[in-house]
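What follows is a pair of complexes built around subunit A, which joins subunit B in one and subunit C in the other.
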Partner chain A sequence: MRQGGKVNCPSTKFLRGFKAGLAELRGVVEVWFRNYFRYPAWIIADVVTTPAWLILFIVPILMFLPREQWQDPGVLNTMFWAMVLWDVVSSGIWSFGMAIRREQQTGTLEALFVTNASRAILFSGGLCVRTVTMFMGILYMFAFFTAIFKVELMLFNPLGVLASLVTGLVAALGFGLIYGSLVLRFKNIGPLNNVVQFILLGICGVFVPVTSLPSPLRLISYTLPFTYVADLVRHYALGAESLLPLMLEWATLLTQTAAMLILGLSMLKQVEHQMKYTGGLGSY
Partner chain B sequence: MASSVLVENVSKVFHTREGGLLFRGKKRVVEALKNVSFEVREGEVFGLLGPNGAGKTTTIKILSTLLLPDSGDAWVNGYHVVKEANKVRESIGVSLYSDRGFYWKLSGRENLMYFARLYHLERSYAKSRIDYLLKLLDLESDADRLVEEYSTGMKSKLNIARALLQDPPVLFLDEPTIGLDPTAARKVREVIMELRGEGKTVLLTTHNMYEAELLCDRVAIISKGRVIAIGTPGELKSKVSEHKVIEVELAGFDEGLLEMVKQGRGVIGAAARIRDPVSGLAELRIVYDGDFALKDVLGMLLSSRGRLISVKSLEPTLEDVFVTMTGERLEAPS
Partner chain C sequence: MKRLVKYPVLASLIGVIIKEMKIMSRYIGTLVIVISLPYMLSGFFIGVGYTVGGEAANRNFYMNTGVESPLLYLTLGGTLMMASMFLIENASGIIREEQLIGTFELHYLTPNNTILLWFFHAIASSLLFLGVFAANASLVIAVAGSLLNPYEWLLVFAIVLLGILPLAGLGLVVAALTVRFKEVWAVANIVSSFIAMLSGFYYPLEVFPRAVQLIAQVVPTSHASELLKKIVSGMPGQPPLAERLTLMAALALGYLALGKVFYSRWEDEARRKGELSKY
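Moving on to the complex of A and B:
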């Protein structure tokens, strides 16, 4: 048997490493956007359901607040930024799972796995579509809060808010990879992710500061990156006090984000390996 | 001649569940491959010939790094399929039998371009390569139509075009002509012969003996997860060339009759294909030696409850090798 035979294919000659990743990313983005814009019903559903979801979410929260707080700019601003954060984190959490589920249903998983493309990039396509709906959601929220509540939105440090939200999105992608691995393994587990997302963001103080949570829950909150993302967004947008000194809070957030990404990537790799043993890689 | 593919004692077992709800399905262990070994030489068209469920696709998936073997080793283009999976993937093109596997809201060309990016082909090279492949497979005029409008044959050809994208030295084609109309099947066979001319190594699976005879330099006959014979079509046929073959069409067939025929004097092998389960219309293929055997067999058939419709004397083919060795027929009921 000839060992290490010569590979006469262009893939070995072109675009290694970073360039290869960029080529893959470009392909994934093109495919997802083409798919999205060729399903008019998909776009219409997003345009219609995003504000409906917003109303269904905000109205019950308002019902629990004293009526005089409905006009309180501080409360409304907190809610606005909480909703933005919800939207951003949710985009990250759902992206990979949504993409893997779609590939399972399309029947393209095996064709993808026979390439050497990065698995994380292959399944990042879901984020493209989620980004569209995320911006749509933020626009709707902006219109909703400014037109209906006539609130002047506060934004003390736009760069700080942007940095916090982007980091939040990356941390959510880590969770997204874990969810994606579970989709690859167990297929249809969307409803479970919905519940986990509510619990996760609930205990991370997205709507209520973690300091007001019972102490056992607070301990869990401190181990989750979204606690610091929510806190930093409130700090940079509304000028609220941060939980920890800023440098320490950023360091904690970045460490946890990196840990989530590493955990997510290794879980995806492990599940792929396991599915190659069981033979369920291409099944849906 | 060097080996392009080497498979040594590969075994694979699947643990599946049959029916049931939630976790209650009955557990079933399926031995898909049992110590399979074979070698495909460089530049050779090698066929895995066997009926459905024989283990052909499992073999291709292991060689394509889509499945991990439970035991044994395999190398493709000199690389180990488990330890050097990335290198293997760079060396191969794979076309798995499936009606899906493409993005239906993209055109054929867009689908190929996407996979070209995943194979890291330079854009200008990818464009010309895609144009070439679309032309090669007669898909040029339909290249910009959405795949959802493609026929089964067009999707199969697109599948082969995708396998050829990175111009790999080794190709795995799983049932490349299944479900195709004769024109499309002929085109695919022409392409495979052209690939052989270019010096590519092709491993294809088929349950069509004519295809195996026509395309393959060598064939491995596989049944129930075991390779039962390997050789050139001529070598394999020589195993039965001394024998005689008849095909009998019979109404009111039952399994008991087949068993009786198999036990008959001078009968080397016999297998049936049910064509109509309601009327029991079946085709029996019988490999035998000596005129006395023919007389006995016909006697059995005439005295059975079945109604003899026709008897044809045939030249031995690869199917008769299969019938002789397994007591089964190759092709699914038509």
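Moving on to the complex of A and C:
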């Protein structure tokens, strides 16, 4: 859709650079939100099933504690924030990876690839929807959580938590770009989403601090930005001690997030180029 | 297959099973996930549980569940949960899926009873999960250092079938009620998540208030889950088996009858209004 491309889209024909990107983003977000609101039953299902999932994922963990500790605010709050972080970590996988797959299945992927719009923006619309639904989800999860487990939510530094979650979503975008390029390359990797998601949840210390992991795994954890996102959320929400001095931890998180974005963008570009060269872009 | 024409119902059943197996073999990745997800979830719960429970984690688990091996308890629960979710989703989405791939009308051109045909799809899924359950149970039982005798295996299979097959009836109710709104899977998701919550796959139902425990009594998988864990883990204090099996059989008949009533009503109305092929 940028000027210079051989396309006939009058709405963005005279745009270039940042403005073109904005126009693309607006179009993509509009499409995703329209799709999202087209299926209201899914929105209702998301809200209605929340208490069931909270119970299904938190109660089994409580089985490892003595009964008198089942209402321990520290443990329950750690679980609550872990459920929120789960959404952040998996957002890149589900929204970005699945966006490419969905376009493949609906037969519109080729149409998108003949435009000169930014591929990163084209497939990141799902993440925008996910961001909105995630913050809405935190609100109703909070309501259900306090009603079911009868425990006060701990939130020492709301701004710190917000900043960590937003940075986590940017990191998820970077991870989504990498994952999306693999989806583009290997086509149907749907079932792998679950596997990757569980590996990330374990290795990034979403439910328990990475310090409790065996040392070889911890080395991998330290290279992933989600580790620091989880740690910072626990620090700001629960007052837990951070892995590194705060400034250093933020610097590490931002550097890794930037690196992941750059890597993701270049991988997507390279895979598309290679697939065009071998003719594999339209075969699946 | 020609010889089976004498027995058309049997021929349909075998045909559906072969079809479903062929489709399943096309999606090996899904099959791998179905088999491995219970282990992944067990590993996840055990990892987090040991971290929060510390040295006393195993003892606490035993005190709370009555089972010594968390791996055994959680993997069996997870396998049953996968089976119940898969079955509800499949049965609920059967009409919509056949419509989407364009084969729905073809079934109505055959002399087969459609309700029976959809039920056969549930049998095919149940058989698949019997295999998955057998594989997962054998492994975790072996790891726990014990074995089941042939009678116990037969009992386990009967309980799994009595636990998960009735859910096909529930799926048909969802299918009949939601096919017009084209969002079957969202409703199936709600049903299956609450069935999972009320079945006590990962915890004893005593964690719930009395009222919720009573509601859970009408969920067949709650009985299956409790019986299987007790039989497989060799826990003392078995619940009265004959009574439970009778109750499960009654629930199975009730659920399937409910599915038949709802589906027949939808089908009759759809035939009358010409909606069978309108979507």
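Heads up, the rule we're going with is that the second predicted complex is superposed on the first by the 241 of 284 C-alpha atoms of A that agree within 3 Å, B and C clash if a C-alpha of one lies under 4 Å from a C-alpha of the other, contacts with A are read in each partner's own complex, and residues count from 1 in each chain.
Everything below uses one rule, namely that a residue touches a chain if its C-beta (ideal position, glycine included) is under 8 Å from a C-beta of that chain, and two chains touch if they have at least 3 such contacts.
Everything quoted here is computed from the prediction, not taken from an experiment.
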Taking the superposition on A as described, I'd like to know which of subunit B and subunit C A:A117 touches: first, second, both or neither. first
Which of subunit B and subunit C A:P245 touches, first, second, both or neither: neither
Looking at A:T108 after the superposition, I want to know if it touches subunit B, subunit C, both of them or none. Which is it: first, second, both, neither? first
Would you check which partner chain A:P60 touches, where first means subunit B only, second means subunit C only, and both and neither mean what they say? second
Which superposed partner A:V48 touches (first subunit B, second subunit C, both, neither): second
By the touch definition at the top of the document, which applies to A:T278: first (subunit B), second (subunit C), both, or neither? first
For A:N35, select first, second, both or neither according to whether it touches subunit B, subunit C, the two together, or no partner. first
Of the residues on subunit A, which ones does subunit B touch that subunit C also touches? 39
Would you mind writing out the residues of subunit B in touch with subunit A in their complex? 2-4, 6, 14-15, 58, 61, 64-68, 70, 75, 77-79, 86-87, 89-92, 94, 96, 98, 100-106, 110, 113-122, 125, 146, 162, 166-169
Contact set on subunit A toward subunit B in their complex: 1-5, 7-12, 14-16, 19-20, 23-24, 26-27, 30-31, 34-35, 38-39, 106-108, 110-117, 122, 273, 276-279, 281-282
List of subunit A residues in touch with subunit C within their complex: 39-42, 44-45, 48-49, 51-53, 55-56, 59-67, 75, 78, 188-192, 194-195, 198, 201-202, 207-208, 212
In the complex formed with subunit A, which residues of subunit C make contact? 27, 29-30, 32-33, 36-37, 40-41, 43-45, 47-53, 56-57, 60-61, 63-65, 70, 74, 178, 181, 183, 186-187, 189-190, 193-194, 196-197, 202-203, 207
